[in-house]
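Take this structure, written in structure tokens, and hold onto it; I'll ask about it next.
By letter and in written order, the chains are A, B, C and D; residue numbering begins at 1 in each of them.
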Amino acid sequence: MKIIVEQDYDAMSKTTEQILLGEMLQEKRVNLAITAGSTPVKMYQYLAETVRDKPHFNNVHYYNFDEIPVKGAEFGVTMSNLNQLYFSPAKINQANIHILDEKNYKDQDARIAADGGLDLILLGIGEDGHFCGNLPGTTRFECLTSRVESDATPGMREVMISEVGGDESKCPDYYVTMGPKSVMQSRRIVLFANGQKKATTIRKALFGPVTNEHPSSILQMHPNLTVVLDEEAASEIQAFLD
Amino acid sequence: MKIIVEQDYDAMSKTTEQILLGEMLQEKRVNLAITAGSTPVKMYQYLAETVRDKPHFNNVHYYNFDEIPVKGAEFGVTMSNLNQLYFSPAKINQANIHILDEKNYKDQDARIAADGGLDLILLGIGEDGHFCGNLPGTTRFECLTSRVESDATPGMREVMISEVGGDESKCPDYYVTMGPKSVMQSRRIVLFANGQKKATTIRKALFGPVTNEHPSSILQMHPNLTVVLDEEAASEIQAFLD
Amino acid sequence: MKIIVEQDYDAMSKTTEQILLGEMLQEKRVNLAITAGSTPVKMYQYLAETVRDKPHFNNVHYYNFDEIPVKGAEFGVTMSNLNQLYFSPAKINQANIHILDEKNYKDQDARIAADGGLDLILLGIGEDGHFCGNLPGTTRFECLTSRVESDATPGMREVMISEVGGDESKCPDYYVTMGPKSVMQSRRIVLFANGQKKATTIRKALFGPVTNEHPSSILQMHPNLTVVLDEEAASEIQAFLD
Amino acid sequence: MKIIVEQDYDAMSKTTEQILLGEMLQEKRVNLAITAGSTPVKMYQYLAETVRDKPHFNNVHYYNFDEIPVKGAEFGVTMSNLNQLYFSPAKINQANIHILDEKNYKDQDARIAADGGLDLILLGIGEDGHFCGNLPGTTRFECLTSRVESDATPGMREVMISEVGGDESKCPDYYVTMGPKSVMQSRRIVLFANGQKKATTIRKALFGPVTNEHPSSILQMHPNLTVVLDEEAASEIQAFLD
């Protein structure tokens, strides 16, 4: 595990961009699974600026790792978000975007394997310890790409309604996510987080018990894990750092 | 996960030897952690024959991953066994053997990291789901190299007395083992097993819940795991194999 | 450069097989370019025996690196030879064999790149220093996959007639070969040779001037070259070893 | 070969920095050989800013690949230049800097091999086709780290006097350089260049004959070569780019 602590959100975003660029700037096909959400907003601003109109990034292929379908909409929550944050501003070729959705999720692991496997998966983390759509009480470590029902946990339906913008009529019956076992197959995992409110979940993920009650705790077992934090997110793990 | 099913113990042993040789036949330094016990007996016969008096294997360095100290003896149970099964018949240079024992176990993870990390760790499996000295009720997934007391579990002392040859006066108060987190840092894991009595533990390790009650279940999460079985050991996982 | 010297042809063949198996026994797709000719005869006997009827080798894809078309025949000289020595006895699936011939040679480099590049290319060597179809006076180091005319060098037509079995009516006007630049793109190169008559060409290839007059001299510049020799083929390079 | 064409010197410098950072941002020890001179000036400005006071780059080790000793001075021309451009402003730990000089050059290749080999070597290119101290008429492709006399070529002594600042009394009798064969052993080569005056030498290096008369022409044979150019330096190779 390599842990990088940067001063603030901006520096954390820049360093995460550099790690991704390091993988991308190769000659061979590179398969990246990348996260939506708020953590990556600034990182995608940097990355889109670097990547846009540069044909030497045509070797990079992108995968989303979870999706909340939106009834009546073309794209789910994740793909809409990724399009807006990165794929559109970076002008990524459609042929390089490999969509996971509610229709094809059963094939996700086999498709990725056939494409050569993931070189890197970029993950955020939730205060509840979740990564991708692996919330406590939904999937378990041994799950591959899975369907999670809207009644999987007591508060799940409310979370999903919120995710689709508060309109209950758009709320799907389930979402899909790569499971912990799928994620751990990636040759490299990059986990990034910022802010004081992530300090406890980061400590539990990296140095706490490996337990399904804190799903991201499994990530500490990966042989090639890089963690990028701002000082606040790292504030509870100082004792573990040299 | 790549699962290889061979017809019998001999073929399993030969294929495991080939996987090890594949790592060893490189120009760079190669770090291997290897198992003692009964499963590897024939594999070491093949490997010692191949390696003996061949200077092109001088790039290979060996590590043991657990040790039961024997009171009054120069070597513990594991090193005695490895010396007999492999290091002596293969005439391995002492400078290429990196001993873990009760005195230096706290440095094991740091020493391996300083040496460049493990390229491959070869593991057997117990009927109770253990690998290395990680028996149910002793270490937990998040443990690095650890000391396990002789009263860690109800039957432990009897197991340890048996391991040192039945002589209670030689039985140590504890043994040491690389923990699950240490093992998972290896760039490649090879797990091998033979015989009908290993069929259930193999099914649980590879396709069961990831739980400390069956320690080897964590291995299914590694991105570069190769499993070599004879047909009997594979008899309960046929449904999972294409 | 890693140089392995084995006692005789049999040991050289076995060790070369082990190097190939090491690459093949992975989970990911593995792309091998392999040689026809007399040097590999025994190696293919061992390899076919190991590989036959083993589904865990289905991840391996094979490429030939040169071809002499035979007028009126289905296969050229190289593919006929590879079919006989290896593909047939090993029962390799046709879908895993990627044929280079006189019709598609212009696409060979692009096809291999699209398939992920070669993981390993296995080469023999000629007394004149040639490897693949790169004979002195035909291609040059900077050539990619090329067509070589039957009048490229003074004795070429006689060589080609001999290659097609002595029947001049079957002799083609040209042959095709991956050029030195194509070969050097492989992530690993394995060169093997046996017999006293190869001793001088081996010395020139590995420790002589890098010159088009001895085409295989370029191979010493590759960052991941493994050479397997019997003692006779190594007899002129003892001064360079240790 | 991956060729990246950026608009200008600044963009070329930034992209080269990103490639280096990609290698550096790993957990394992990373060995880089880096170039002095004018081409890297801006790249080192960016890199020093990124690296300074960041303990997560302590895994990176640096090697110079040539040196012109200066009579009576502590450092030669190359190390003085690297100290000024990068090591000092980036505050690199002395323990991470592995100096090649006129006293230890005979051990350079063995020392690098013992350290695990180079992960990446960053090269500039001269109008005469030279890289490192491999000028036409000095070393040959098959040379490892070598000593080049001040009378090796007709104009050499004048070049060396100029390199030591024009003071003939400081001019050494020879300089040392990693030879082409040493450089080609690196797992990755990055070549960068800017400006119209480099356009012809770049064309010859990448797409011309592989000949000692243009030493950098050997680089096109490396299986993992990345080239970063500004538009002017790329102006003669447009026909070769898709």
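Here is the rule we go by: a residue touches a chain if its C-beta (ideal position, glycine included) is under 8 Å from a C-beta of that chain, and two chains touch if they have at least 3 such contacts.
Quantities reported herein were computed from a predicted structural model and do not represent experimental measurements.
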{"item": "Chain labels contacting chain B and also chain C", "value": "A, D"}
{"item": "Relative to chain A, chain with the most remote C-alpha centre", "value": "C"}
{"item": "Chain centre separation (chain C, chain D; CA means) in Å", "value": "34"}
{"item": "Rounded Å distance between chain A and chain D, as computed from the means of their C-alpha atoms", "value": "38"}
{"item": "Centre-to-centre distance between chain D and chain B (centres being mean Cα positions), rounded to whole Å", "value": "44"}
{"item": "Multi-partner residues of chain D (at least 2 other chains)", "value": "224"}
{"item": "In the complex with chain D, residue positions of chain B that touch it", "value": "28-29, 116-117"}
{"item": "Residues of chain A that touch chain B when the two form their complex", "value": "140-142, 180-181, 184-187, 207-210, 217-218, 220-224"}
{"item": "Complex interface listing, chain A residues touching chain D", "value": "1-5, 15, 18-19, 21-23, 25-27, 50, 54-56, 224, 226, 242"}
